[in-house]
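So, here's a batch of structures to check.
Below, chain A partners chain B and then partners chain C, in two separate complexes.
Right after this comes the complex of A and B.
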């Protein structure tokens, strides 16, 4: 009788210990799976991405807006100067999958993705307006300064050039000039020519072109 | 052995259980802290908010983010362009939801997925962006 009581106790004890062991291994497995396996890679990739998109970084025009010219000149040593944690590690920086900087073969490692816009400020855009009384041309938003080149044809007098109703150039005797005018940059501007009827010639409005593209910046570091 | 006394085997088993559980508790204590996928998502939400805060609306003076929070009318006006803008900004596998003082839009938020968020203050109230892997 006593031996059988011990048997029940033994079975109970075995079930308890086995159950505890299973739960313990499950918890340990979960902890191992959730653990950051590559803390150094992740730290380096985060640091590089943060400094590439930060406001005031040499590669940006404002926070999260990369300067296309600076991105084109980017190389591994410049990235290192910007973010020392990436030193001597395999490094790949890509915009929408297109590599910008590549050093070594970053096959594994840690990858950080950031949403950025790339602002391209190279080149000028030119709008030509054929002169007629009341002829208009449109300058897109974001342009603060434009060069207006008035080139009237024969027997034509251009009195006034207006930007959104505001007089920016005026000469009662006739304009024939190449002048920089200031525009309101937060709205599209309509440039309007005031001249005589039957006027000929051209007015060219030149302004810096800004093309903004949306990209996903991917930084992979494999130390 | 007197009656009523606990079996020695069961006492040993209880000690064993306490030992194993102690080790398991150590694992949970050490691995505390947010999983890395949420920090990544938080960063993406913050990026999207930063870009929206810097971009003007079409034909307006306000940034997109400010236009969302300003009034019910301006919210209704800019929600569709902002939705398209966010879809273009975020990586293709990331979905989003936006809450403003005048309403929410975006995808329905899943109950179980890891969700990153960023709250951007504006002078008309906060705008919150949630993102998750779809």
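Right after this comes the complex of A and C.
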């Protein structure tokens, strides 16, 4: 009878060891499944986001500044041409949640976010300055070049046009011209006219108008 | 029951126990090494292969600098020496990175996303050798060489 007790204990021990082994295998299974980070999806999403915001890319005006017109024309095949890793994968590109490009249903996969500005060029802005000695006009920040159209009235001689004190146009005999001048783009510029007292006429400054907005670019790729 | 068989009972009982334990351990080892372990090894190797390929592609893409009149970049890329105890090779073919491994489940390919000024990507990396990416070029055309 004592031998039988031993046998029961042995069988119980073996059952416990089996249980421990099964639990161990299950935990290992879970760890292996949890370690699957889909590196190729992540690579594809990173590649698409990086190529979209890179300096010199057809969709940007400079690094991290998207061109609104190019973004509006974006589609899946253009994205593929830009970033081949996204080939044949479900793809979703969104700006602040607004879908820009969508192909297939990218449910899982990898998501990459980038903070970008979207530059919208909406035609030209025109600022007119009535000519008088010391008359000034302001050009906003972000304008690198502007067209200055000097149109003096009768008996008026405009000698100099300055941008923030720097001489950009000068003619001792009088200006009557339409010229492109370069401005410092990182600060607002003050355009100043130097002429005789009692002068009349107009100076028009024309520059491209830009609306700049900050958005979050989200790229999801699910191969 | 005779006295002699009474004396034998504990011996037979212990012997039986020992045989049962031995059989049990043998079957457990067989189950783990025969089914579970190789399966895990293959799954882990495929995952490491994917990661190696993605890492290599990331490093190559990151080593191309922004446009400049002269480009000369040399970077060491850290890759695992072996995957599933076998050496492998990474090749650049037509703008695609190809991983050659004796096990087809580990092998794979991934296209590279490079700027248009990159004219060619060429070369081969052996996993047990030095893995260096070189980028050479001028303002218009850039070459990427794996060596």
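Structure notes:
Heads up, the rule we're going with is that the second predicted complex is superposed on the first by the 162 of 223 C-alpha atoms of A that agree within 3 Å, B and C clash if a C-alpha of one lies under 4 Å from a C-alpha of the other, contacts with A are read in each partner's own complex, and residues count from 1 in each chain.
Simple rule for what comes next: contacts are C-beta pairs under 8 Å (C-beta built on N, C-alpha and C of every residue); 3 or more make two chains touch, one makes a residue touch a chain.
Keep in mind the model is a prediction, meaning the values are calculated, not measured.
Of the two partner chains placed by the overlay, chain B and chain C both lie in contact with A:35.
Contact with chain B, but none with chain C, is seen for A:188 once the two complexes are overlaid on the shared chain. In the superposed model, A:75 lies in contact with neither chain B nor chain C. Of the two partner chains, chain B is the only one that A:5 touches; chain C does not reach it.
By the touch criterion defined above, A:85 reaches chain C but does not reach chain B.
When the shared chain is aligned, chain C comes close enough to touch A:48, but chain B does not. After overlaying the two complexes on the shared chain, residue contacts for A:177 are found with neither chain B nor chain C. With both complexes superposed, B is the one of chain B and chain C in contact with more chain A residues.
Using the contact criterion defined above for the overlaid structures, shared-chain residue A:16 touches chain B, although it does not reach chain C. Shared contact residues of chain A with chain B and chain C: 6, 10, 14, 17, 21, 28, 32, 35-36, 42, 63.
The touching residues of chain C, when paired with chain A in their complex, are 9-10, 13, 16-17, 20-21, 24, 28, 32, 36, 40, 43-44, 47, 50-51, 53-55, 57-58, 61, 66-67, 95-96, 108, 110-113, 115, 117. The touching residues of chain A, when paired with chain B in their complex, are 2, 5-6, 9-10, 12-14, 16-17, 19-21, 23-24, 27-28, 30-32, 34-36, 42, 49, 53, 62-65, 112-117, 141-142, 186-188, 214, 216. Across the complex, chain B meets chain A through its residues 1, 7, 9-10, 12-14, 16-17, 20-21, 23-25, 27-28, 30-31, 35-36, 40, 43-44, 47-48, 50-51, 54, 56, 59, 61, 88-91. Within the complex formed with chain C, the residues of chain A that make contact are 3, 6-7, 10, 14, 17-18, 21, 25, 28, 32, 35-37, 39-40, 42-43, 46-48, 50-51, 54-57, 63, 82-85, 87.
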